[in-house]
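Read from first to last, the chains carry the letters A, B, C, D, E and F; within each, the first residue is number 1.
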Amino acid sequence: MIDKVLFYFFAGLAVVSAILVVTRRNAVHSAIFLITALLATAGIFLQLRAEFLFIVQIILYVGGIMVLFIFVIMLVNLDVALHQVQFNRQTWVAGILALALGAQVALAFRLVQKNPQGSEILRLPRGSAAQLAPNTELVGRTLFQNYMLPFEIASILLLVAMIGAVVMAKRKV
Amino acid sequence: MAEIPTANFPNVETTVLGADEIILNMGPQHPATHGVLRVKLKLDGEKVVGSECIIGYLHRGVEKIAEHRSYQQFAPYVDRMDYVAAVSNGLGYCEAVEKLMGVEAPPRARVIRTILTELQRIASHLLWLGTHALDIGALTPLFYCLREREEILKIFEKYCGARLTTHAFRIGGLQYEAYDELEKDVERFCKDFEQKVNEYEQLLTENRIWVGRTKGIGVISAQDAIDMGATGPIIRASGVKWDIRKAFPYAAYDQYQWEVPTGKNGDTFDRYLVRMEEMRQSRRICLQAIENIPTGPIMARIGKVLKPPPGEVYHSIEAPKGELGYYIVSDGTTQPYRVRIRPPSFINLEAFDKMVRGHLVADVVAIIGTLDIVLGEVDR
Amino acid sequence: MPSPYIPIFIFAVLAAAFPAVTLILFKLIRPDMRAVGAKLKPYECGVPPEGGARGRYSVRFYIVAILFVIFDVETIFLFPWAVQYSVLGLYGLVTMFVFLGILVIGYVWLYNKGALEWV
Amino acid sequence: MIPTSHYLFLSLALFIIGVIGVLTRRNVIIILMSIELILNAVNINLVAFSRHLGQVDGQIFAIFVITDAAAEAAVGLGIIIAFFRNRETVLADEMDILKW
Amino acid sequence: MDALVNFFRPHLLPLVYAVVIVALLPLLAGYIVLLERKIMADMQVRLGPMRVGPHGLLQPIADAVKLLIKEDIIPEGADVLIFWLAPLLSVTAAMLAMAALPFGPAFQIADLNIGLLFILGISSMGIFGIVLGGWASNSHYSLLGALRSAAQLVSYETAAGMAVVSGLLLAGTLSTRRIVELQAQQGVWYAFLAPVGFFVYLVASIAETNRAPFDLPEAESELVAGYMTEYSGFRWALYFLAEYTNMVVVGAIAATLFLGGWLRPFSGTRALDFLDYAPSLLMFLLGGYCFYRVPKQPVRVQGGVLAAVGLLCLALAGVLGAVLIPPLADTKAAVHGGFWFLLKVFLYIYVFMWLRFTFPRYRFDQLMRLGWHFLIPVAIVNVMGIGVALVLHWQWHWGLAPALVVTTVATLLVAAFLARVGERRQKPLVGET
Amino acid sequence: MANDPEEKQPPAPPPGEKPVAPAPPAAGAPPAAAPPKPAAPAPPKEAPPKPEPLDNELVKHYNSRFGEAICEAWLDRKQAILVVDAARLREIAEYSCDEEKFDLLTDLTVVDWPKREKRFDIILNLYSFPKNERLRLKVWAGENEPVPSVSGIWGTANWLEREAYDMFGIAFTGHPNLKRILLPDEWQGHPLRKDYDILTQDTAWVRENLGIESGQ
């Protein structure tokens, strides 16, 4: 029961905040709602027994990336930007496209659930929560043993990002 | 300060997006501007590319007041200019009027004047040190300094009944005879003081943060300092060995042995060192002076009503902040025709813009502190 | 939700509610004075502010934030590694050496370019 | 026990909101935020499957996605800063030159 | 209803703790402020607060009442919602971080699998309270202070995180309780095994809590009050509460990870068991001193208050002493654990205060340089150094002590090198004559 | 570093470092100065000095260089005063600074004599580090007569001239930023003129900007 309550709470929070993110005029407000959405997602992760990911979401996404966003918003004088038109003329197109996309995926779900043959796709064997148990330890072991190469490549990605971003932002390097 | 020539400051890299800079206004109600100084800073990021001092918030028209008071009546007013060094102000004024009248204070009066003025210099420097350290973030020296300053103020209080705006001297000499234990009090203070100064130095001089915050900050070369008319510790820290007490000795300074400390780089750290050393030298003068206070009268023979002959005189003394000059024009009446005060703080403050460019906002407070201005004197 | 998180969740609600409730409660209790005039002006040392306050600030802040994000990611990878270090042993050490080594190259580059200097 | 499909629908919703944001907003920063929303939706999906299968791999992918998001945000915002410095705007439809 | 009761039953104790923490934390913060003022006064040859209550003991309460009923001003042009929200965010984040702290073997809201990361992560969210509060105020000083503050926090967070990792390498778990238990088993505090890590954490945590000599964001001589400039009354108090709570949090992290948590000093040494009497004795002496001062109070009421405080101390002494009696020995660990833990946290905070009253303030670029040019590389090297030491210990069967000594010395050499390089690179801002 | 007497010092230090121990006063006269160059502290007790004409080396230099432009020269209380022509002030100032080494402009001020034809004395108080002597330059200027600014020669003059403008309304030509310094920009009148007093002061400004009644 409590699980359900929490799920709907977090999911609702995430969706409402997400909607507010794309509709607020003021970029700072958008950022705040994005933070809320990300925190709600972190809650969802927690519910899904991804403790480590929960805290990664908070430290990296909320405490890191969003700080970056807020800094940039404050750097690019947004008081001026506030008086400009915030939405472009693609709104309708976007709405229709999004609806079509949503309908398509929803339909696929329904079809899959109705159709006994196709249902195999979603009837993947269900594992138990206990298998995710000492979460950090598991993540650590899997990350460093099975995904060692992607991990090293990630460092190259970070290196490139670091250099690229600094080159972009700094006038004279 | 219409346009800021950034071209002269090659180190100033434009780090802000776009062309426009921020104007940051510090003061008049700001914790670090020592009163009601207002500084408008043109910032590029956190770097100062230009500044403008806006003063006059404390302007009382002291020079105008002088024209409507008799010579003696005006004497207490000068105490209110540099209110942390009232004794020095009074000394300058009394000596200027004496010079205008062609009289001279008796030797005993001059020695006592010297002692009190040097104590005042120590007191003023102590207050400077405390607030300067506080600006840079060291909380504790302020309280130590005030503790020592308190001892000096106690001596003043015993001598003339007032602590801050003392009006200690009269034209022609002294009103009050030195109280019985003056020598003992001064000696006791001076004995303790040596160790206290060393204590402050221990707290600050070797401190990496303090050195980092003051070395190379607010540099002003000897040439610039002379050009900007800076006097007192500022010019000495730039390497000019110049002190009015040596150049044109007044009071009883010619009787004592002491040194004029100078610095090399003219930065905030050197000014700090110079002032610290000045305190030691003042202590030295005091110790010499109390050893032999001449006996005799304390007041020259002057009438009750002062009527200096027509003419003019300029007299200056080495106040704690620099050259404090009085230019007095007499028209032969009992009231001065014109009194012009050359305030050291005012003119030293003029060098502020030169010192501050290219530094960070945080250095602005260090530079204001090192200038040791008193707004009562700047604005008069 | 894993069970230890339930008290934490409740604690979070409490911790958020406590200041908010106090704030509202005392708003009701204290005498209601509407501030007027100069009291409402933003502090600018006693003079009217010049230019909007939400102006632009040094891009250095942004560079610091970027570097922080990158190093933060790095730190996050260190945590599971540290926790599993007794299992990973030498292998883990070498893996992390390579990972940090690549980033240290970037760090040295930044250092030499002066990107880490504030002024 | 909440069925996995619920999480997938949540993910879908966030994804679509993100897409709408990307398509309709003019402010590049908000577009980037919408992209973060999309990435977030992906993460929910990954973690939901990780839970469903009882395998931790999905979470590892999610960590990489977040790493990627950090890199993307850093570079993306760097580009915005560089662009803003030259054109004084953050509106996407005014970014119509390839070189300045 | 039953369902609800059943649901809460297993969490009853943590919930009580939660309520206790939320209720006591503001009081604790208030008394830390009082203590700070007293210590400051002592270092500056004065008395400090003496008026409200005996020796100013009721000062925090008077302050709190004053702040609560103070006029509440929201400046013109402020973003009202965010202005409202920001201090709440700050204080909530700071408080929430306490959830995973082990105040004693028994007193902990939740022992999480990711405990330490949880504390670090949640407390890092306080940055939003600062940035948003500064932004919402619509004032130069606030925004500049906020940005500085944020830049400072993020700069030192990395160093702090790395320093924590160096401790974690030794422990191998993120659970705060396990970390302390492991230190008890190994019989040594990690501050001795990873001294460089501890030092880096000490410096970084001072910077992260915005304390002098790193109190740039609120350097009153430059930025007036930094991000708090426009805040007054209770909102301002909330920021203060957040700051002091953060001090407790970082102190608690340091105590847990590096200083043996709730363990008594030399907890493993039987010969030093007499130290168990110390807590009781300390409280007894404190209570005795209070009673000694009672007759000297100028006002009756003050004497009464002091007597009450003395009684409280004696009661605590009684409790701390009673658990030494064999029948109550089971509770000894819990009661004494709390005492030692709080004592360590307090000593850690005392170091903060001591530094604050001794040092001038860094300039912002110097602060950044210290963080980025020195602490972060040293922290990285330190992590690798401890990693190497552990591999030497496990794989090549070196003794742990020699291995750690070797790597620590190597780390220190690197640190010295970095300091040298940094000094050489330091350019004057304007042309020096 | 501080008190080492052997410290290097760009401009020569003043002489006069004789620790004599004179019981009587009058010991003050600086030694090194040129013969008639007193500029010293209080003279001994005697009749108040009358202004006496001055004709020493220095004045001769000035006379030979500027001739007519040096109107008068006298000694008052043993202090040298040189009255020069306003039109050539700049030139003379430059000469004083560069050739005669009066490198410090100690003070610049004004005295108002409303009954005189040229009502203002502009007074420049100069000091020379190498010679350790003072010199006072005086310029007579009428009510609306422009006076050349010397702020290009001595940086100090910038604020001092602004103050003189603020207090006396003297328009210095060539000053980079001549505006009021102590009083508000919109203030009416120049307070240190003799015909300005508390009854004629700008009460309107005070009422308008501060919302109080000023003065009497």
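Just so it is clear, a contact is a pair of C-beta atoms (placed from the backbone, for glycine too) under 8 Å apart; a residue touches a chain by one contact, two chains touch by 3 or more.
Because the structure is predicted, anything quoted here is derived from the model rather than measured.
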Steps needed, at minimum, to go from subunit C to subunit E via contacts: 1
Reference subunit E; chain at largest CA-centroid distance: F
Comparison of A-C and A-E (more C-beta pairs in contact): A-C
For subunit A paired with subunit D, centre-to-centre distance based on mean C-alpha positions, whole Å: 6
Chain centre separation in whole Å, for subunit B relative to subunit A (CA means): 63
Length of the line joining the C-alpha centres of subunit A and subunit F, rounded to whole Å: 74
Averaged-CA centre spacing for the pair subunit F and subunit E, given as whole angstrom: 61
Residues of subunit E engaged with two or more neighbouring chains: 112, 117, 135, 140, 143-144, 147, 150, 154, 157, 174, 224, 364-365, 429
For subunit A, residues contacting two or more additional chains: 2-3, 47, 49, 51-52, 56, 59-60, 63-65, 67-68, 71-72, 74-76, 78, 135-136, 139, 143, 154, 158, 161-162, 165-166, 169, 171
Subunit F residues counted as touching two or more neighbouring chains: none
Residues of subunit D defined as touching subunit C within the complex: 63, 66-67, 70-71, 73-74, 77-78, 81
Contact set on subunit D toward subunit A in their complex: 1-2, 4-10, 12-14, 16-21, 23-27, 29-30, 32-34, 36-37, 40, 43-44, 47-57, 59-60, 62-64, 66-75, 77-82, 84-85, 89-93
Residues of subunit A touching subunit E in the complex: 1-2, 26, 28-29, 32, 35, 51-52, 54-55, 58-59, 62-64, 66-67, 70-71, 74, 134-136
Residue ranges of subunit B touching subunit F (in the complex, touch as defined): 1-2, 55-56, 59, 61, 63-64, 67, 95, 98-104, 107, 110, 222-224, 226-229, 239-242, 246-250, 254-257, 259-264, 270, 273-274, 276-277, 281, 294, 308-309, 311-316, 323, 325, 327, 329, 337-338, 340, 342, 346-347, 350, 354, 379-380
Subunit B contact footprint on subunit F (complex, rising order): 1-3, 5, 7-11, 13-14, 16-28, 30, 39-51, 76-77, 79, 81, 103-107, 109, 111-112, 123, 125, 129, 132, 134, 136, 154-156, 158-160, 163, 167, 177, 180-184, 191-192, 194
